[in-house]
Amino acid sequence: MNADALDLRRYVAHSPQSAAVWLALAALVGFGLLRYENFGSAYNLTSFLNYNSMFIVISVGMCFVILTGGIDLSVGSVAAFTSVVAAYLSPYGIQVALPGAVLTGVGFGALNAFSIIVLRIPPFIATLAAMLAAKGGALVISGAQTISVDWTSNFTRMGMESAWNLLPWSIVIVAAVVLVLWIVIERTSLGRTVLAIGGSEDASVLMGLKVARAKAFVYMLSGGCAGIAGVILASGFGAGQPLEGIGWELSAIASVVVGGTLLTGGLGSVPATVAGALLLGLVFNILNFENGRGTISISAYWQMVIRGGFLFAVILFQARVTARRPGAGRPG
Amino acid sequence: MTGVEKAFNGATALAGASLEILPGEVHALIGQNGAGKSTLIKILTGVYRRDAGQVLFRGAPARIAGPREAQEAGIATIYQELNLVPLRSVTENMIMGYEPKRLGVFIDWREAHRRAREILMRFGIDIDVRAPLGSYSTAIQQLVAIARAVSLDARLVIMDEPTSSLDASEIEVLFGVVRGLRAAGVSVLYVSHFLDELFAICDRVTTMRDGRTVDCRPIAGATKLDLIGAMLGRDTAEIAADGMTEFGGGAARQGEILLRAEGVATGPRLSRLDLTLHRGEIVGLGGLLGSGRTEAARALFGEDPVTAGAIRLKDAPSAPATPAQAIARGIGFLSEDRKAEGIVPGMSVRENLTLALLPRLARNGQVDRARERALVQRFIDALGIKTADMEQPIRELSGGNQQKVLLARWLAIEPEVLILDEPTRGVDVGAKREIQAIIRDFVGQGHGVVLISSEFEELVEGADRIVVLNEGRTVTELANPGITEDRLVRALAHDRRVTA
Amino acid sequence: MMVQDLPAARPPRRAQWRKLARGNGGVAALIALLVFNALVTPNFLQLQTLFVNISQVATIAIVAMGMTLVIATGGIDLSVGAVMALAGALAPLIFQSALGTAYPGLGVAAAIVLPLLAAVACGLFNGVMVAVLRVQPIIATLILFISGRGIAQVLTNGNLQTFKNPAFSYLGTGKILGLPFQGWLALAIAVALFWVVTRTLFGRYVLAIGGNERAAHLAGGPVRRVKIGVYVICAALAGLAGLIVVAINSASDAARNGNLMELDAIAAAVVGGALLQGGRAPVFGAILGALIIQLVKYTLLANGVEDEVALIAKAAIILAAVYVQQTRKE
Amino acid sequence: AAQSLPPLEQKERYKVGFAQMESNNPWRIAETKSFQDTAASCGWDLIATDAAGSAAKQVADVDSMIAQGIDVLFLPPREEKPLIPAVKKARAAGIPTFLVDRSVDPDAAKPGEDYVAFLGSDFIDQGRRVAEWVIENFDGDKGIIVELEGTTGSSPANDRKQGFDERIVQDDRFEIVASQTGDFARDLGRQVMETLLQAHPDVNIVYAHNDEMAIGAIQALELAGRSPGEDVLVVSIDGTRDALQAIIDGKMGVTVESSPFFGPLGCEVMKRYAAGEEIEPWVQVKDRIFTAENAADHIDEAY
């Protein structure tokens, strides 16, 4: 799906898994619009996007990691850690806090890359350890408190104000990042190396590709994306939050997979990942609106059951769409 | 390269190997399975680090730390195990690492596709280069690997068994390319078990045995027997007396019908298979690449669901629906893809060998280990499998020995029908003879074999009858005696298209 | 003929030695921890310390062994914590029901069997998702990870269920030869699973599937059934662990029972020598891994290390243990 | 400054939002239930959400309630600072907000301006009262204390620790030898206690930040052959049924009430506000203290 991405027919033919997520997203949006008043209101749209921009950016970072056949469980904790860093840096303005937090995230990514590439520890374990370390570290540097941001600098504009009175800055920045990353994966050697590694790491080495470099890149990228999420978290909610980010890694993984990316790597799509993140976020939004209709009150427990059930439905749908692909069932 | 040594976990793979390649020559490297050819190559290209020895490239000590550096130094390699990325497009596999760029950063896909198409055209292949490589046959993939290596502008091109999955016409194309390289002053290191090929294109030949270089001579003036003698370390006269191939000679004693396929289809790649197999007979499946031979085998084995037609096994009305059923009814299937569908790399020779037999080795779900060991030992001895002991992981065995273990896996279930897809691919002459002997012996006991081979000689000599497939359909059937390579080629080629 | 100087087939004891050697990294880590504690931690060398650690490690160990089997086929099971919660929530519902109180003996038996059956059903769901629908294991088990706990809470209306039922509590508080019942249980399970992995058809197929699923399938292996089987075993063991937790506490808290267990179990399995890509099932390794994780936790707590610092230390120790493991293997 | 707050008209039915932070402990569950039970009698169409422990999601939940046009918001803020945007957004949307059981950072958002009032108890004071009870009732020479903290970094954990620690150091009979988190959970409370008991066998006072951990600690003590209530004094906060039972059984010394039943109070304060009354910035809840004297009288009303 390179330069032909815009040719819809080809796209569907070549990546039916990805098509499934767009269909499901459209269906859910349609459902929401028809069933709930105010669902389509500007207020709901912007606040929805603002909140979910964090998950989008993390999911896209995760998508890169997964494309190499790896996984990054540390993103949630790293986001929490960097939100604290961003809060500490907030008096100097967003121009300092954003790069500072992103670099911190990249630092965690570099740590992951080191354990994985040099120490040859499996990504699942390396990033699991980083998850614990980042969580502990966030509590240590914050003294186990939420850290207030400086409301007087321009820091909180990113999370709370809209660009051109239209869309929140957070989503604008995330959209830019996503766009750049999309181009990276489709149009650069680095991006293609990422895909090749997921397809077959041995082959990539023998082909003379810069495998270690590309692997280091994806983990640092994922860390950096978590850093961006951390900044959004701090600026959008006015505080660095060491306790946030629990379970974010699993939502991100789910978004990536719902977007049709193979967990074994080598095949996947950035825009479909965004769609996956939106889809999973939308479920929460819809549940809140459903509760607001007052006909039934869905308890917190039922909401968990329904979310799991929804994921189940999407996966089944995806499996069905994929099964129709010619040659499915034969590996290769 | 001189005095190269290499050991894996204490097991010596190379013990003083040397190799000298002159500019602009085609240099052959031969040796039995496990002689150390591939290991030597991997040391040359920096995949493995050598324990001892020296490598000079273009007069200077080569500092090659890895495949990337090797490529940059001008060494392009086609490794024995196909090393491409099946999920990615053909184009990507061709240009990866050397993408044409716009503005120095962005890949120019239009140009990339064009270039890929152009290079492949030189090999006479016209396919959709945007489709995933994995959707093409092994042969196409092999050609893509070759095309990639040749297009890299190297000073030395290394080909480790490039022809093992090619048919005659592709091999001719490849030879053309190799000659072109030689004419351009590029050296080629050529590894193959097909000695005839060496005489066709090589200038000199180096022979390895047990990790050592034992012989190096110009090919002109050498005979096949000389080479085999050097490889096996035996007297040429002795070998001449033994004869070259184990195939042929075993006159077909046709018995009752074992297996019959009538109008079988499984999908677009296999639309009509008609085949009958009697006891005591080897039926060859002939066809060009992509003609559907592998699909036919999979259909007979119950792996691909049959959408039309019928498969009968000894007049039992229904065909096996799964491999497990096929095995239970006495059918074995040796896949052409040893790595992906054959070995379980981390398991021992013992465990690999008994994988298909397990249910019968078990009592109340518990594996009878004494029986298992005895059986495995019997096969290791009978087939001459070269392994440290039966607990050695199979991935540490050379290709030919892995193949023997897999063959043993199927012989162990005592089948009535064996479907062998390229059973001697990548196997050295000695082992090949042994495998052929095993096959002949097997049919001699009144069983039947369906044999797929891209090597015409093997088919012509080995098969009692050859069913010829073309684009997924049975087009004709030839019967021995009376088949010649010539007749087979004509039967195959009467309607040949390479385009997908 | 090619080679005649074949060494006489060595007894397979060598394979067992090799397997043991692989566990060496973990053993070294464990010994280091023990020595450190003996020197530093107050009152470490007491029987009661052993008792406390065994009773706490048993649940992790039991779940980690199931996880090891799943990982051996190249899968992973994130739903173990949720399954623990579900099984744990069911038990008090059953023995506190009208029938359960009328026939206490029957009630307790049912309160053990039925939750385990529910766990088996969860495993069946996971297994079918993975083996039949070919959903990738992380995602397949993520479904129950999310909703399994929800189901448990729906069943109990979110309430903490407390009870007094000595017969049932024996699962978590009983003693045999002065050591916790659940420790013996874990040991018995380990022995049984070790036998399954090394001696049975099922075990051989588990390893073959993890090593090369296509090859196992073409060799007639019942790939689907075996895969479903490992998820079922894993879920059943998780269910058992859930019951033990409930039994110790005399309370079932569906919101917390088994929380984050999946991470501990996976870490224990890997520290114990499991390979995430499959093909290896070190059952006793899982126990070793669980012991290491437990001892780390104990060491940090007993020495008053703050929770947040403890997290960092735990991360470092997991990395170190896996790293040692890694180098020994090569 | 009440005039700067959005007014609330008096009507039959109100669309009311209750943005719960999490539902993973009995206390929260009782609180949510209390609001649901009040809904019918108070004329509420209640929208209850659950943020599953995430402050960020709680803000998003409030956002979706604002989008749905609620009349009143009841908000137990998960964190002091991160929920301030939610409070401000509701204020900007003209929705009167009542903070429940926890408050927000007073430097950033003020009662009477950004939100109407805070209804709740004083966590620091709860800790302090436990300490005072211990100082009064402990009759040994030397009090060796193990403290079981709540979820690391959560405000009740921080406050209950602060209140207790600051008061107890004033009496030098007492020493806190270990203070570790039990995450407000019974199972962890038990495990942590088991471990700490090994390291500090001389402990004779256990202070837990909530009753669940206290019960876990009692189990650990009993498993180790100690007799809680006799050789070890267990004290905590919340006033759950299990804790009252433990007090009656003599296993526990005291629990300071921290009532989750905010529904009726919320209804009452909202009605007063709609009627135009000025609401005090902190509607303080009178926390009772349960000991052996009164536990039996109150056990039936506990949750």
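For reference, chains read A, B, C and D in written order, and residue numbers begin at 1 within each chain.
In the analysis below, contacts are C-beta pairs under 8 Å (C-beta built on N, C-alpha and C of every residue); 3 or more make two chains touch, one makes a residue touch a chain.
Protein names from UniProt, one per chain: A, C = ABC transporter permease; B = ATP-binding cassette domain-containing protein.
Values in this document were obtained by computation on a predicted structure and should not be read as measured data.
Interface comparison, A-C versus C-D: the higher number of contacting C-beta pairs is recorded for A-C.
Chain centres here are means of the Cα atoms, and by that rule the chain farthest away from subunit D is B. Averaged C-alpha coordinates put the centre of subunit A at 30 Å from the centre of subunit C.
Measuring from the averaged C-alpha position of subunit C to that of subunit D gives a distance of 35 Å. Computed from the mean C-alpha positions, the centre of subunit B lies at a distance of 43 Å from the centre of subunit C. A separation of 72 Å divides the Cα centre of subunit B from that of subunit D.
Annotation for subunit D: residues 23, 152 touch two or more other chains.
In subunit C, the residues that touch at least two other chains are 153, 158, 214, 307-308.
Among the residues of subunit A, those in touch with two or more other chains are 139, 144, 262, 299-301, 303, 331. Under the stated contact rule, the graph of chain-to-chain touches falls outside the line, ring, star and complete shapes.
Pairs of chains meeting the touch criterion are A-B, A-C, A-D, B-C, C-D. Interface residues of subunit D facing subunit C in the complex, by the touch rule stated above, are 23-26, 29, 149, 152, 178, 180-181, 185-188, 190-192, 194-196, 198-201, 212, 215-216, 219, 223-224, 242.
Against subunit A, in their complex, subunit D makes its touches with residues 15, 20, 23, 32, 36, 45-50, 52-57, 59-61, 63-70, 79-85, 93, 105, 107-108, 151-154, 158. On the subunit B side of its complex with subunit A, the touching residues are 47, 66-68, 70-72, 77, 79, 83-89, 92, 96-97, 99, 101, 105-107, 109-110, 130, 134-135, 148, 268, 340. Taken together, the subunit C residues at the contact with subunit A in this complex read 76, 78, 129, 133-136, 138-140, 142-151, 153-154, 158, 214, 263, 266-267, 270, 275-276, 307-312, 314-316, 318-319, 322-323, 326. Contact residues of subunit C toward subunit B in the complex are 1-3, 6-7, 9-10, 12, 14-15, 18, 199-202, 204-205, 207-208, 211-212, 214-222, 279-280.
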